[in-house]
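Two complexes are shown next, each including chain A; its partner changes from chain B in the first to chain C in the second.
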Partner chain A sequence: MNKITVEICYGTLCFVMGGEVFETLQEHLPEEIKQVVTLKGMVCPGYCHQQEKYGKPPFVKVQDRLICEANPQKIIACITNLMKDGSNQ
Partner chain B sequence: MKESHNGECYIEIGFSQVAKEKEVVCGDVFMSKRIPEENRIVAVLSDGLGSGVRANVLATLTATMGLHFTLHRYEPQEAARNILSALPVDKVRKISYSTFTLVDIDSELNTSIVNFDNPDLLFIRSSEVIQGKEKRQVFQKGRRAVERSLKYIEYKACPGDRIILVSDGVSQSGIGSVLYPFGWEIPEIKNWVKGILESKPDISAQELASRIVGHAHTNDAFHARDDISGAVIYFRRPRKLLLCTGPPFHPEDDQRLARRIVEFPGQKIICGGTTAEIVGRELGRQIEVHLESVSAEVPPFSMMEGIDLITEGVLTLGKVASRLEKGVTYPIKKNDAAGLLISYLLNNDQIFFLTGTRINEAHQDPNLPVELEIRRNVVQKIKRLLEERFLKEVHVDFI
Partner chain C sequence: MAQTNNATLLRRDLLTRLCRLMLEDNLENIDRIPVEMMPRTGKAASRCCPYKGRAILRYRIMALLGYNVADETDELESLYNYALRALSGFDKGYGVLTVVDEACDGCVKSNYTVSNLCRGCLASHCMVSCPKGAIRMVDGKAHIDEYLCIGCGKCQQACPYHAIIYVPIPCEESCPVGAIKRGPDGKEHIDPEKCIHCGRCMTACPFGAIMYRSQIIHVLYEIKNQARPLVALVAPAIAGQFRAGFSQVRSALLKIGFSAVEQVAEGAAQTARNEAEEWIHKNADGQPVMTTSCCPAYVSLAEKHLPNLRPLVSDTPSPMVYSAMKAREKYPEAGIVFVGPCVAKQAEARKHGGLIDYVMTFEELGALLIARGIDVVNEPDSSGEIPLPETRFAMSGGVAASVQTYLPEGAEFPHVVVDGLNRKNVALLKTLPKNKNIKGLVEVMACEGGCLAGPGALTSTETAQKLFKENVPLPEKQWAP
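For the complex of A and B:
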């Protein structure tokens, strides 16, 4: 099974809008998810400049799905969905 | 830490100390003074008899007098005689006593040193230990004709040299231990310092002083048996740092920004994701986010080839300003991006800010937290702090 990449934006806006919780995301992930996930940081790709299109920060990308107003629950739900679909295999 | 400009050579002075266990104040005193008109630096290390408040008073008296006698170019013998007759007499030991080392450096880096009963000084040129010319002179103190000897050392410093002064708390640390039965003697300190310099040839004066004192403290198993003090005088070329923050106002200037960074002779830091991306794009280099720095205060740092550090912009700079304002302790904690940035700033002498003036529209939402200050204001605040508290030379430029 391929690993699922989770990319977290560490731009200023994402960080102040709640992104600081992702610094400890690794520790909060359930064990079965932790094993299939690779966490990465991304340099601000500028989604925050087009909020009408992408929504509000913080932004996190799980594989190629962009999550706006991200929080750990949303990320975990998205990963679980991906695992169920088997789309990462 | 004090720094001053001496022609093309910077003289950096670092000092660190630990008081004897259970004492509130240290009985060793170090003072240094720069005379800009004469381009001259005078430094004094004094160790008062005993420990605690009384020793501190003795040492402060000695150091202050030593500093001023040297400044006014008194003969060292006369200075020594005056100092010793001015000190109060100890009730128990019936002597008035403190040791001192006077260092006088002129604009040509001619260094003259007078040492009275402190451990020998260490002169280091590119990790080798060198010898200064030494001369002894015996003088009499008062009617009781106690013979004392002063050591004179004349020495011409070169850029890159270091002079290390320690109190006997350092050279006698660990006495009786298995490792150093006779204390941490000067030859052993020399070898130890040589080892440090081999692994870190450009270590700052402050860091070296802290490490020497730290090691002596370890020798005493963290129960300091005497006041431990170490000072380092480091003659070096000025270190330069370029800090770019914020994208240029006109996108046409992106290329100019990247060129300024590439051509800069010194360390380079970028604060700001967008700025880093512009530079990465212009230079065709990848940015890598390092997640290992943990902190809930600032976002993690990144790296790019040819750049020493990349951090997020306004938040990190704001944090740097507030930590500098609170005051920093050495060694600087480098566990997050702001800490790393502070250590870069304090390790350099000339700091050039290149501030981009483009406004980030996404930051203009009134619902955002107040930490998002205006970049230019934060930069001005850091500039003021670095100049006033850390005696740095700071230039701010806008693009």
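For the complex of A and C:
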């Protein structure tokens, strides 16, 4: 099974507007999810400059899905969905 | 900050908007902020209509301009006027925290309320047990008259269905000194004589109705004006604020327009050294206990509420004061800005009139970085700048650990760490002057976890602790004594 990549925006805007919680995301992931994900940071991809289009920060990408107003619950839900429909296989 | 929540994020959003307007010389548009954030049509989240939502935002901005919301005399006065008046040196009076009374009305009038578990029973134990006759039966259910209720809780104990519930008032419950109370207008008020500026109420209020009175516009005005250079003194807790080393933070601050950046950890080293010496002397003179003095909320607690404890507080100045004294020497022309996680430092700075010009929070630094479009993580990392061990002042236990390193090798070092000014710890401190069981150095931190968990921090405590340990690689045993 391929790993699911979770990319967290390390830009200051996302970080200040709630993204700081992802610093401890790894520790809070359920065991079965921890095993299938690779956590990465990304420099500001610019979504924050187009909030009408992309929504509000913080932004996280799970594979090719963009999550706005991201929080651990949303990320976990998204990963669980990906695992279910096997699109990461 | 225990946890970042929506009230925190709203404050940061407002701060960012304010910083942008200042940086773009657009302050005259400040009165548009509430309208932009709460358009008449649209789905802006307000508990009621957009007009009330805007009114609340207006008062929040007043606080960010440094005003006490209660000092409003003319409801039609524009925010722009307020801003100009502030910048022209108008005396806004003093106080670190202010209650945004428009936002404060979510809480209950009485701590006890009847839930729908009430069966309206015949016995009505609640009515019988209420000493004030505050309970009546209305439509087959008990009803508590909130004006008569004194909050004794007897009804709750009496009800066999557990139908009466206790509803807390979070700010009042969080205040360690009973400084915040509901006034006759039904809103919370802070008694300035009692308040020790710990900021706990601000963090506790679910409506974000308590705000610190920011000094950010003055800092920005000076940066823009360049009448004199500004020096940033950055508190040790910075090591828990960004996924970045100090050199990156320094570079970001210089970009913002500060002319120099100093680490308050250097002042902390001086505090630790002198406190160690003070302790040796005082102890030799027969004083069994001495408390630390670096936490301004704690020092205010001793001064305002625990007069017997006052003589036991160390006379050694805080790291901020030492750093500021040094900066004054090094940069005699400059204005001095303390940047930290603390709101009580505003009160401490005021005591040392003229030594420190402004106090800014890490959260404000975050907003300013956003407004300037600076990403700390992208700043050059000219590592090699090894954090001083006294950086651990930011973490509970770290002050005592630092003092210990300045004691003679092998010296006995009895110590206690009081982590957080919750009511239990305040009660403990009250007993301290007479307590025979506690000896040695007592480190006191108003915030659980230390400065890292301060109300003006950018990161939640958990993140702060993690980043801190990554940024300040000290052997595990050196974190606490």
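Before moving on, here are some points about what is shown:
Just so it is clear, the second predicted complex is superposed on the first by the 89 of 89 C-alpha atoms of A that agree within 3 Å, B and C clash if a C-alpha of one lies under 4 Å from a C-alpha of the other, contacts with A are read in each partner's own complex, and residues count from 1 in each chain.
Keep in mind that, in the parts below, a contact is a pair of C-beta atoms (placed from the backbone, for glycine too) under 8 Å apart; a residue touches a chain by one contact, two chains touch by 3 or more.
As the structure is a computational prediction, the values presented were derived from the model and not from experiment.
Using the contact criterion defined above for the overlaid structures, shared-chain residue A:Y10 touches chain B and also reaches chain C. Of the two partner chains, both chain B and chain C are touched by A:E20. For chain A, the partner with contacts to more residues, out of chain B and chain C, is B. When both complexes are overlaid on chain A, the residue A:Q73 reaches neither chain B nor chain C.
In the superposition on chain A, contact of A:G46 is made with chain B only, not with chain C. In the superposition on chain A, the residues of chain A contacted by chain B and by chain C overlap at 10-13, 15-17, 20, 23-24, 41, 43-44. Within the complex, the chain A residues that touch chain B are 10-13, 15-17, 19-20, 23-24, 39-44, 46, 48-49, 51. Only residues 10-13, 15-18, 20-21, 23-24, 41, 43-44 of chain A touch chain C when the two sit together in their complex. If you check the complex, the residues on chain B that touch chain A are 272-274, 276-277, 280, 287, 289-291, 294-300, 302, 312-315, 360-363, 368-369, 371-372. Interface of chain C with chain A (complex): residues 4, 9, 12-13, 242-243, 363, 366-367, 369-370, 374-378, 458-460, 462-463, 466-467.
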